[in-house]
Amino acid sequence: MPSPTPPPDTSDDGAIDVGLLSPVTAGHDAGVSDAAVLDALVTAEVALTRAYSRVGAAPGSAVTEVASTFGWQDGQSGCRGHGVALGDLVTAAVAGGNPVIPLVGALKARVSPEAATWIHRGATSQDILDTALVLVARDAAAEVAASLAATSVALAHLARVHRDEVAAARTLTQHAVPTTVGARVAGWLRGVDRARAQLNAVRAALPAQLGGAAGTAAAFAEHLGSAEAAAALVDAYAAELGLAAPAAPWHTERWPITELGDALVQALDAVGKIATDVATLSRTEIGEVAEGAGGGSSAMPQKQNPAASVLLRSAALRAPQLGATLHLAAALAADERPDGAWHAEWPTLRELLRLALGASAHAARLTAGLRIDAAAVAENLAATGGLLVSERLSIVLTPLIGGARVRDLVAAARGDDLAALLRALPELEGTDVADLLDPAAYTGLAGTFVDRSVAASPAPDAGKDPR
Amino acid sequence: MPSPTPPPDTSDDGAIDVGLLSPVTAGHDAGVSDAAVLDALVTAEVALTRAYSRVGAAPGSAVTEVASTFGWQDGQSGCRGHGVALGDLVTAAVAGGNPVIPLVGALKARVSPEAATWIHRGATSQDILDTALVLVARDAAAEVAASLAATSVALAHLARVHRDEVAAARTLTQHAVPTTVGARVAGWLRGVDRARAQLNAVRAALPAQLGGAAGTAAAFAEHLGSAEAAAALVDAYAAELGLAAPAAPWHTERWPITELGDALVQALDAVGKIATDVATLSRTEIGEVAEGAGGGSSAMPQKQNPAASVLLRSAALRAPQLGATLHLAAALAADERPDGAWHAEWPTLRELLRLALGASAHAARLTAGLRIDAAAVAENLAATGGLLVSERLSIVLTPLIGGARVRDLVAAARGDDLAALLRALPELEGTDVADLLDPAAYTGLAGTFVDRSVAASPAPDAGKDPR
Amino acid sequence: MPSPTPPPDTSDDGAIDVGLLSPVTAGHDAGVSDAAVLDALVTAEVALTRAYSRVGAAPGSAVTEVASTFGWQDGQSGCRGHGVALGDLVTAAVAGGNPVIPLVGALKARVSPEAATWIHRGATSQDILDTALVLVARDAAAEVAASLAATSVALAHLARVHRDEVAAARTLTQHAVPTTVGARVAGWLRGVDRARAQLNAVRAALPAQLGGAAGTAAAFAEHLGSAEAAAALVDAYAAELGLAAPAAPWHTERWPITELGDALVQALDAVGKIATDVATLSRTEIGEVAEGAGGGSSAMPQKQNPAASVLLRSAALRAPQLGATLHLAAALAADERPDGAWHAEWPTLRELLRLALGASAHAARLTAGLRIDAAAVAENLAATGGLLVSERLSIVLTPLIGGARVRDLVAAARGDDLAALLRALPELEGTDVADLLDPAAYTGLAGTFVDRSVAASPAPDAGKDPR
Amino acid sequence: MPSPTPPPDTSDDGAIDVGLLSPVTAGHDAGVSDAAVLDALVTAEVALTRAYSRVGAAPGSAVTEVASTFGWQDGQSGCRGHGVALGDLVTAAVAGGNPVIPLVGALKARVSPEAATWIHRGATSQDILDTALVLVARDAAAEVAASLAATSVALAHLARVHRDEVAAARTLTQHAVPTTVGARVAGWLRGVDRARAQLNAVRAALPAQLGGAAGTAAAFAEHLGSAEAAAALVDAYAAELGLAAPAAPWHTERWPITELGDALVQALDAVGKIATDVATLSRTEIGEVAEGAGGGSSAMPQKQNPAASVLLRSAALRAPQLGATLHLAAALAADERPDGAWHAEWPTLRELLRLALGASAHAARLTAGLRIDAAAVAENLAATGGLLVSERLSIVLTPLIGGARVRDLVAAARGDDLAALLRALPELEGTDVADLLDPAAYTGLAGTFVDRSVAASPAPDAGKDPR
């Protein structure tokens, strides 16, 4: 539901947050703005009215009036240009604790009395608000998934191109053994692809919410005359919106929210790991990678700030604690509607969606533009002399000269010419010392892992709406 | 891998934590004790040796020696009675930052030189430690899943028995409309069953870890002479342990850990929601439920503390933040082995497993013993007079007498006799006022949701090891 | 710095957040809006220019031009009506990762070349952004402190009025022994007063930030010709803003932020505890308290939702995790400016300020309007018969009849007439059984604690700006 | 209270945690072990008995019997060798939800009936458990403070020694301008000293807990005959233990716990920042610092793992979320004793104490042994040629040749000889180009900040117990 973002109707003292302190999300969060949420709230209300018609209860004329008055397009696009003023709603929402009650009043006031009776009929505020958040989340998650897919494409390309470019692997900050640039990138790719799969699974199952005052659907049954008809109404409502029909209301069983939250956090973990590596590899002393469009500094032109990585890391540091709040809210979802836990979800889920939207978009750009400096990679690879393959030397030489002498040899080699020391060993006569010390000859399954990861990476949906 | 827990070999100043401050986990955490982790570490090492034999590299005699020396049973039970002293290992582990390095030394010292060469061959500490944590998690998660399954059985029984017992539904702490005890319990059941499904999916896919110093498996390839043989070794190692073979090492792609953590937190959410409701419904003024074996007080015999609910809630309040730490560790999994993030996972995942083990066991007992006080349920249901069905009155009466008069009527009824007021209305002549005010006639789909939830609840694995 | 909130200059696709999903903060967050932050950024820049004049470096004409162009008022009110367009800045901020770089360009473009050279001279973005956040926090914290002070006044009044109103104390959800309404409220008061004290201590010490590119102040020394002059400039800058002069820059020593965050979370804990109790005590079955302006429900008129408590609890459930993010950012504040941790602070601190602003304002209103239902208090007090004083019976009777008989007696009393049972005991001849069973005679130090707490509660600053 | 750690009395299936998965805390956590907590629980009980004597109520003989039976030493050392079996207690604790109830039974069984009546007289479990946790925390916090003080000493020494050693400052991972090693270390020092001050303030004010069943002290008043005597008892109890006397019980006003938690997290932030920098500066490509006793690798001798930094970072990544749990528990401290929130504090606070104990000890060792590699510092300083002082060039040259030409010059200098370019400028005739390009001439207030920080660092308590 791309949000058209109508001009904000805000009172003079209303706070306006356009992202000044959130560069990672600024420009990527229109889909979760208050305007977009309002669109979704209106969409949920109109969908309920349409569902009453679909089950044969509401007269077509009333539904047509409601749908056209509030700009209903379809279950994917929802309502646009509905004309409900955001600012008024916010002011009214504070008193009642949620924006649905004033919204219902505003909607009813704009249609005929006959049509008005079919608006919000039998529903509770939570039905509309949960459904609206699901709609916003569905569209935002689709956008996140598309950005992650673009990131995968970029990473798969990088992994293939640099499949056999040998580099120093680092463990606990220290050069350990050789790896390849491709293997490193393939690891990033696996993380992103796993997060895509989880997010796609979650968003495919996002359920509508419709349970009435306390989740029994009693008012629907009363209005429609039977429990069966009420059950059909729930299914019709979900169908109108293209959402999954729930087996029962989930007013206080909040796994749809926590599973969504977990998937979003996982996506931020995946791009956070990439950003952590890019920031490190961009260090002045390392310089193996550079962001395509690094943040420069006019006063300090030698700087090539990994600006996108910095933003991605800032998002990844925040997301897990937001996910934790969603879980707490689930555990504390008391009674048939909780006394605070539910309200804690709204801004938390929205901020998590914002972070995922912004971070995944930045990740797509970052990976598409990432430059590998082959010379720096090679220079670092050579920095410790042959010691980077000391594990290999230990494996090969121990049977020939014993473990103690291997250790002595490697210890002596710090700063010395290891190749010369090895060539001087009678036991190694006939051994190709240059090959033995060649990092490229000690990369194990690095290429295999690249090939497997690239092959397993799902293509983005081609030519159709990823939603 | 039920842990036999050998007598602890601890130095005099070693801290001993047997659960004094953790009543929710005490008595349920043997499977994640240091002794159990040590068993799993030894198991992982022996499995690697066995894998070398399975791919035709290690001589049978060496493998037999290693396996018998350290008490190998099979891939499920692992090694028992291996004789490695826990206390020594802890002391040595501090210096190196992890316990695997001293463990390898201890193991090699106990077998022949020939056999010793096949121990830890080509592996890195993280291979063994990650695999050991996965083994411990697999067994603990199986126990959690079994407890959740028992909880489901108890809840399904409760939901069926109390399917049509009408009760007051509460929203934002206030009586709202009628529901049923069964519908409330069915909600708990859906939460538990969803958590079971997620946990079972995660534990079925838990991967072994084997990548060597920096995840390229280069040392294995060097030892075995080819990349293909190294790939086969990884598969053989996973097969020895009954774990999934990873497509590539996940040294710094930590979704197997975060997904496990998320599933455990979700399980704690589900039982936390139950406990939150039971604690509320046990309140002196409410008294609708009582734990079967409540914590009494000799000085205050009127108290029936919901002791299990209190413990469950304490666990549910802690778990989300532990899950957040696992996500942070994933996002900060720098390089080819991170500088702190990996180490942050170990105690965090263990505590999360402990909480899930203890809480799920308490939940199974709580739900099996939960008593419903039908009289209290009925008394509370009647507490607001007919006002509990005021939503229904609004639906039925508004067409007859208009919304304004309905509101006046309901306002007047506070403390008055609502039935008499209704019977006095000429517009309601012929209406069955008693039925109109009967909460049991306004429960909508409550019974349907019970039936659906019970029917959808998977039976526990019958007669076979749930692992 | 009350924010005048100029009309937002946002591009069509900019997200607008006016609080639709944040009823707890909506209407209370103008002071931390993007507009307010922008005011503070401009204020920090102008203060630096003024500081250059104060130390005798910048010509008065340049400073006068800068100050008047951007609406400088004074160190408390800062700049108003500066005319910098918010929307343009946000767009430009994304590219560079922070809004200061484009801001400097925008400011310089509006003054003469001579004056422009004194803008941002020697400063780094972090100097301006940190200082601006401190300014915003100072003003917001003053507002929070004022709301907490109002809450204290209301609580002290309540505690005094209900000092001796006996009520059932509840532990682990069960009636335990008597307490008083006053004692309960006095506990709330102590929590709020402690939070006030902590917050006031933190805000009195909030430091300015001025260190230049990497915290050495080298550029200031270069511009001014000496280290001493640079040190004086830092002091002058702080003095211009009414902030504490830092001993050294705190670019990557972030305790000023975490201590502020901790104090804000503590304030939310204190009001969260009140809200938790009010929500419980408002339950339909308990009904001891009611919010003055409860959220009603047209369809369910029997409901008196504790709407403010629900909002307060939603805020208190979110705040601790935001505080945790600030601590993580402090621990990960790498190098001389970190690669993500700093950026994670901005929106997190702002959201925490928002929550504290909204929640403290709601708490002030909630406590000012809280109604105690004396009849319900008395009814609940009597609910368990004399068993509420069973602890007292045990103390008094055990010496007379032995512990075993006391236990039997109390057990028998459930549902029976305890007074009659006691009067039938020969050992109690002469004892005033009515007094023995009177809860009012067993409230210990409840009154003392009220008196102490009220006496210790500091009065709000009278007649002067609390900032 | 150094814990003598009696031999653990654990059942065969009891979990034993000696720290296998917690290398950062292993060996440092004896003071918070179950045995130490048990000591403190016994200490609190004996102190209450002694307090009854101090106020003139209990006969000296009874108190002497109790004190001697359970090994009372004094208020600092508490009880030692009390002979209560830990394992039995744990088993019994699970049923009742806390260990105090079985403890009281065990204590009473070991003294005469007369003495037994003075044990736990009028107290509630929370009085004893909260006080015991405070005692454990007091001693642990003293140990943490001592380790932090040692860290300060080491850092102050390092800062002084390397006061003028010029180094590259890094912002957003990139070389920015010069700084000094001393200035960097002085920043670490300020962070540690601030954390010390906060921790010392908190531990000096740690209050005893004594309120009886619901915080009214009614049972004490009943036993002692007056409210005044009960108030005196509370003061006497605190005096026996050397703790602050609380103005009122804090059963559900939990700021003493959250403030302690915040101070511990702040300490972990401070050492986490050091570890983050040390890990970065230890990187193979940077190599400016090395831990004195780095973790080596036999297979990879080129590695000098920053093992202590890794452990410190793992602790710092975990601590904030534990602190958040304490805050949540405070906000949810319902009624007069909460239904879960209190229980959530126990293991959380203990783990936070453990982390602070271990991390502060490692930090003291790390900083005492930290080696600065002057050659590497110098090499990195020179890595970007004169570009590291490009900010200075901009300041100096802009007035001479204009900003545009400065930018061109600096851009041209990448890889070129900047000094030669400068000397070729006619406008710079007479300028000392070597000095202009000398990083040592552009360190601003770096030395001043070192001097201030070292001068402000409080000396550790000399010759007396820091407790």
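General observations
Each chain carries a letter (A, B, C and D) given by its place in the written order, and its residues are counted from 1.
Basically, a contact is a pair of C-beta atoms (placed from the backbone, for glycine too) under 8 Å apart; a residue touches a chain by one contact, two chains touch by 3 or more.
Worth saying up front: this structure is predicted, and the values here are computed from it rather than measured.
Across the two candidate interfaces, A-B and A-C, the one carrying more C-beta contacts is A-B.
Farthest from chain A in terms of Cα centroid separation is D. The centroid of the Cα atoms in chain A and the matching centroid in chain B are 25 Å apart. Spacing of chain A relative to chain D, judged by their CA centroids, is 35 angstrom.
Measuring from the averaged C-alpha position of chain A to that of chain C gives a distance of 31 Å.
Chain B has residues 97, 170-173, 176-177, 213, 279-280, 295, 299-300, 305-307, 310, 313, 316-317, 321, 324-325, 328, 332, 339, 391 in contact with two or more other chains. Chain contact summary for the complex, chain C toward chain B: residues 168, 170-177, 279-280, 282-286, 295, 298-307, 310, 321, 324, 328, 380, 383-384, 387-388, 390-391, 394, 407, 410-411, 414. Put simply, chain C touches chain A in their complex at residues 5, 8, 10, 12-24, 26-27, 29-30, 32-35, 37-38, 86-87, 89-91, 93-99, 213, 275, 279, 293, 295, 299-300, 305-307, 309-318, 321-322, 324-325, 328-329, 332, 339-344, 346-348, 350-351. Within the complex, the chain D residues that touch chain C are 97, 122, 124, 169-173, 176-180, 183-184, 186-188, 190-191, 194-195, 198, 212-223, 227, 230-231, 247-250, 252-255, 258-259, 262, 265-266, 268-270, 272-273, 276-277, 280, 313, 316-317, 319-321, 323-328, 330-339, 391-392, 395-396, 442-449, 452-453, 456.
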